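For reference, the structure is listed below as structure tokens.
Chain naming follows the written order as A, B, C and D, and within any one chain the residues start at number 1.
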Amino acid sequence: MTLIAETGPTVFETVESEVRSYCRTWPTVFERATGSRLFDEHGRPFLDFFAGAGSLNYGHNNPALKRPLLDYLGGDGITHGLDMSTTAKREFLETFRSTVLAPRALPYKVMFPGPTGTNAVEAALKLARKVTGRTTVVSFTNAFHGMSLGSLALTGNAGKRAGAGVPLTHTVQMPYDRYLGGALPDFHWFERLLEDSGSGLDHPAAVIVETVQGEGGVNPARAEWLRGLADLCRRRDMLLIVDDIQMGCGRTGDFFSFEEAGITPDIVTLSKSISGYGLPLSLCLFRDELDVWEPGEHNGTFRGNNPAFVTATAALDAYWRDTALRDRTLRRAATVEAALGELGTAAAPRGRGLVWGLEFEDGERARAVCRRAFELGLLVETSGPRDEVVKLLPPLTVTDDELDEGLGILSRAVRHTA
Amino acid sequence: MTLIAETGPTVFETVESEVRSYCRTWPTVFERATGSRLFDEHGRPFLDFFAGAGSLNYGHNNPALKRPLLDYLGGDGITHGLDMSTTAKREFLETFRSTVLAPRALPYKVMFPGPTGTNAVEAALKLARKVTGRTTVVSFTNAFHGMSLGSLALTGNAGKRAGAGVPLTHTVQMPYDRYLGGALPDFHWFERLLEDSGSGLDHPAAVIVETVQGEGGVNPARAEWLRGLADLCRRRDMLLIVDDIQMGCGRTGDFFSFEEAGITPDIVTLSKSISGYGLPLSLCLFRDELDVWEPGEHNGTFRGNNPAFVTATAALDAYWRDTALRDRTLRRAATVEAALGELGTAAAPRGRGLVWGLEFEDGERARAVCRRAFELGLLVETSGPRDEVVKLLPPLTVTDDELDEGLGILSRAVRHTA
Amino acid sequence: MTLIAETGPTVFETVESEVRSYCRTWPTVFERATGSRLFDEHGRPFLDFFAGAGSLNYGHNNPALKRPLLDYLGGDGITHGLDMSTTAKREFLETFRSTVLAPRALPYKVMFPGPTGTNAVEAALKLARKVTGRTTVVSFTNAFHGMSLGSLALTGNAGKRAGAGVPLTHTVQMPYDRYLGGALPDFHWFERLLEDSGSGLDHPAAVIVETVQGEGGVNPARAEWLRGLADLCRRRDMLLIVDDIQMGCGRTGDFFSFEEAGITPDIVTLSKSISGYGLPLSLCLFRDELDVWEPGEHNGTFRGNNPAFVTATAALDAYWRDTALRDRTLRRAATVEAALGELGTAAAPRGRGLVWGLEFEDGERARAVCRRAFELGLLVETSGPRDEVVKLLPPLTVTDDELDEGLGILSRAVRHTA
Amino acid sequence: MTLIAETGPTVFETVESEVRSYCRTWPTVFERATGSRLFDEHGRPFLDFFAGAGSLNYGHNNPALKRPLLDYLGGDGITHGLDMSTTAKREFLETFRSTVLAPRALPYKVMFPGPTGTNAVEAALKLARKVTGRTTVVSFTNAFHGMSLGSLALTGNAGKRAGAGVPLTHTVQMPYDRYLGGALPDFHWFERLLEDSGSGLDHPAAVIVETVQGEGGVNPARAEWLRGLADLCRRRDMLLIVDDIQMGCGRTGDFFSFEEAGITPDIVTLSKSISGYGLPLSLCLFRDELDVWEPGEHNGTFRGNNPAFVTATAALDAYWRDTALRDRTLRRAATVEAALGELGTAAAPRGRGLVWGLEFEDGERARAVCRRAFELGLLVETSGPRDEVVKLLPPLTVTDDELDEGLGILSRAVRHTA
């Protein structure tokens, strides 16, 4: 099947940089999208189990968000607002307070550090270092926290690290949950380093963690491991940063992925699905007493993306005033796990809520599964250090039929590539 | 005059971080905007001579961009596209090629490094270091290139640098044009360091420059200085990066601010007004032969902001298929300069096109001017190392009357604060 | 007992910096020394079980070295020779080759990197980084490799690290032998990081190790652990550096402390007892194929300390042309271990050859033991991250009687402080 | 003329590392030395106008130092003393106080940071960073401060810097006196950076300077430039470190090279000729109020080189209780300058006291002059970034006849290579 029929190289090939990547995996030209489906320019539909790498938890062009957005833009609402006060920002802050912070009794201030995840991580690092006066930040094996220089130093992936072109410093990697196969008690190595003044570990400012590592291969940490980490941070005077950029906004069920563990991080980063509509927005949340910023000490041109405030507010209103979405996501976890468990992959499926990983014997097979799934009309991508894990991130608004359909296509793709 | 009458602290004060800044300068709540004017929630109009720090060169909610945007969103066009191929991206690339690259014979590939300026700078740094295998990058006194760790190391401002919390390394600062008052031939110090193997300057990978320093206090470099720099880079085997994030997209007249000097940088960063509508988008352009990226070696969730492609395409179509906007901007430079010259400020007004700076005796006075202008209905902001420069960035689409009105308000604000 | 009776503060207190330390532990003024004994200015003898922190393996003013030294100096031999060729250096190189390198078939070139241990470590780091083109060097928990910036980054001790005043970078700490209590197979964590391209560990240039950690609290690595490390380095393409500054020159029995394990490091650093007379000298040895230095690429004013060559040659002639010293040292290990085992300390005595550590419940007790030993006429010092280990480093030339005497005093000091 | 006749490669070639350098310039094997002369193993004399790179200001094996040294060693004085109090150290401290510190009213504490110059520089950096809590240290173009990682970051030479294998950070280079040809007022650039909070220069902890750059090509700073620098440091709250390792101990006339300028640095490093006999010793001197070290926070095995204390004391006694040596050195400066001025080299001879540089058109010629001088029986070496400067460092104890002889040989070498 030829998906792109052209007589010569496309403008993507002649003008766009070689750095482009997803367009190589999914070789067609997409035109529109709605709910769980993308359509290419030939009208061919694709079920989207990638959801903008977790940026489209409420699906494409969700009508509950689209209407307010069109109204706002149509009415000449502020589009670009730096960090001026606007009615759209006020409504967002009030809604975020009433639907997210207050019900959970979270003592957080909200910062808009720039429109994308890595901006939020950079801001979190600055703040943790400023508050503590220390430089070292601990991250975990197979972590992914972004591509700007500060965030990249926390990221595990060797290829991405090599792209920095300068040594990546001021960070130390610790083993993520189950990394050492359970041979050691949780945090044994980490705590030994902390308690031993001869260990060579400079006292860290903070620890940054994903509750489920998405790019790292869909590795969910156990709740007790996260509790142990929070406890370690408290006992050892380190700030705990949860990077909830991919796993927040309901991906694992609760609004924040750390709620299940019953912990309260000192700093939280949010992005991807916070605008709910795929519009760039990110937040950095932190305990009130950590709000030691000078005005403008961190800034960014697009930190106040007002159309994104509008859709973000609509999304909170539509999905987080009750527990329906959360409950449905948690229920579906079992469905997905069961379906994936029958595929006979190299390892048991792993995940939480609606993020799942299927580990294959190697990256070649996993990539073949994704290619075949694409041909069969399903978008899924690989992750993990060797691309060996097929990652499922369907919209949380996926219907039961769509979920069945997608899992069915995946099953066929696995069989076809065996 | 009380602009906000409230009985208690606002949600901005109780929930938003202390890092907020512009909302302190302009203490009201904005609601909508059109053309050169913003309106607060009480309907009070403000003439906007800040234009989103240069992100709104075509004014607020420009109808020529608004219509295609509403059509696109209304028709369920792709909003979030990672770096998938989409019809919106194709149209943008083709339009960018036909209106920008081809007419200027610029041999550039286009990279979407993430939606904000600092992402583009980080990508440019990575690429320059990868291509050359060197680490040092030269920037200039009073430069501003962004707030993530890589970009911040290039930035001059001491307060912003201090926010890093770690030493900023791998960069060296050189004197910007006229920084040493003309006592030395251009680049004398820089070239001495380069030619002297005992100077302690490790051979730089690249030099990054703004043709007019915006945040640094509106310092325009002379065309011959820029030519000298380009020549130095060529002779001494360093890549030349022009950061055109604030000064590109017609701000100085030409689409690129470096066109006047007749130079062709190796790498160019664009953001702010490239989407034309205040939507987050940035580009990194570089010579074809520098396109040594591995697929995905740099990435970012919001690198393909498709609504921004739509408005960007519309803006190029509306304003860059002929020279009308450019010519008008260049003509207006003289008008603005003349008007500002009569204000009797501490130094002659300086600028190019529609970016102008008025230097006052100190930051206190300049801030007072901005406060008074706000009270009189004009938004302007300070810049410079001591906030001593009032910076004018009206939309390029400002009408003659609006321009007169704004300059008149500014004149009064200067007089009132004398 | 008052050891120093003065009417006012001494010149040590008024002129010497507060950084002085051993003089606080041993509050007297020493005047002369011979064999295993130091004498203070009042003629009071002290048995020296510290031996210049391992710099006096052949005792103080050993006659076999003293005579050639006096002859050399008396005959106006070259004292200061930079790296000129001298007869003294030639004799040393020839003797080192015939007594050390050739009998062990060690394929090493010899470099004189400066007169002290940290110079040798800095040179080893430079060479490893130059050869591999990589920056990261792995060291171990509780390592000590010196106090200049490059070496300090490898050192574990938090107080010493803090003294750097800048972040210490380009190094990663791994658990030393038995650090995790045997819960994990040797090098499990290290190898996981190496094999996992998502671990965040940049491929190291080299690993640097002490076979027995002296400053770290007298921690001897098992021979099989060292063999495992050498094997890991070979399999994973990392250079193996053994820092034999304190443990070399016969301290553990063999000339090199790594001989027992049957490994051949890529790079070896030697200092302390290599001159045999307490004169500053250090060597950096490395495999012939690693000798990629440019002439003068690393240098140092005192790298050719010719009087030290003379005593070094004499020491090799006197002690390393047969196995008598080695055999005696190995035999004595058992004696010392047995004697120390009867003291009932917090942990079993640990050591090899004539380096032994006695761990007490805390640093306070260990320091009290050293103070009491001093009062009783024995010089011993603490080590370990909390100063909790009394370290024994008697001269290898100690007589049986002196050894008994010293162990007896130590036993009394332990009892008196119980 | 064949200087070494051998049937095969020497042990220097087969065993010593390729890093060796001076032995390549002076291809013979030296055996003994006295006063201003070295003798090779064939008895051939060489007049030494290099003096151990400034380590032998009192000549080789000076009898006034030799006698006490032989007595001390013969009498079993302490050779190796870590930082224990010894009679030899006491005598040195008292003599240093009475002959150096007290007569000049210098308020310094004395630290023994290790036996070589780079140890002293590393200690000075640590102290400056600790006292100020800042990281950046300013050095000058063509500076040389040593080869360990901290010192190397201050050093200008590109080849030596490249040897680091890691980026050299936390330092900034400023133009040395006359580097910009006098086009700018002294420190104009430096002060602009300091006064401008947008300059990108992080507030430095300290400035380190050589009053005459030896390795950098014999560049003497003018006294008023040094005074300007001291004034700048005081006004701008930066510590002033004078690295007097090569230029101290009378090389320029006064004991300290900065005395002529009438300044009092905050920190001074001394090494090379401080022992007076070529034995490794270095000092770090600093204002009493800067003595914030913790005991042992910086240390080093050979920091108490007691034989070096003995010769250092003897040298101070012999040469610094009156002004005879100083006066003679100052008188000879004129003689040397006049003689060198007649050689018609590329630039006027430059220097102070008994350190002089002769600049040739390129490094090839300068090296040829040194080679020819060697053949004629004179040891001189090149320096400068391109090796273009022949550097003269005769012993301060050189006789009038020897000085004439050496200058005569040099003159012939210049002519022979024209």
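Convention: a contact is a pair of C-beta atoms (placed from the backbone, for glycine too) under 8 Å apart; a residue touches a chain by one contact, two chains touch by 3 or more.
Note that the structure is a prediction, hence the values are computed from the model and not measured.
Taking B-C and C-D together, the chain pair joined by more C-beta contacts is C-D. Ranking all chains by how far their C-alpha centres lie from the centre of chain B, first place goes to C.
In this assembly, the C-alpha centroid of chain B lies 58 Å from the C-alpha centroid of chain C.
Distance between chain A and chain C, defined via averaged C-alpha coordinates, is recorded as 50 Å.
In terms of their C-alpha centroids, the spacing between chain C and chain D amounts to 29 Å. Among all residues of chain B, those that touch two or more other chains are 135, 159, 166-167, 169-170.
Of all residues in chain C, only 10-12, 15-24, 26-34, 38, 41, 52-53, 55-56, 60-61, 66, 69-70, 73-87, 89-90, 93-94, 96-97, 101, 109-112, 114-119, 122, 125-126, 128-130, 135, 146-151, 153, 159-160, 163-166, 169-170, 205, 245, 271-272, 277-280, 284, 286, 291-302, 305, 307 touch chain D in the complex they form. Listing the residues of chain A that touch chain D in their complex gives 166-167. Touching chain D in their complex are the following residues of chain B: 135-136, 139, 141-143, 154-159, 161, 167-173, 175, 179-180, 183-185, 188-189, 192-193, 196-203, 216-217, 384-386.
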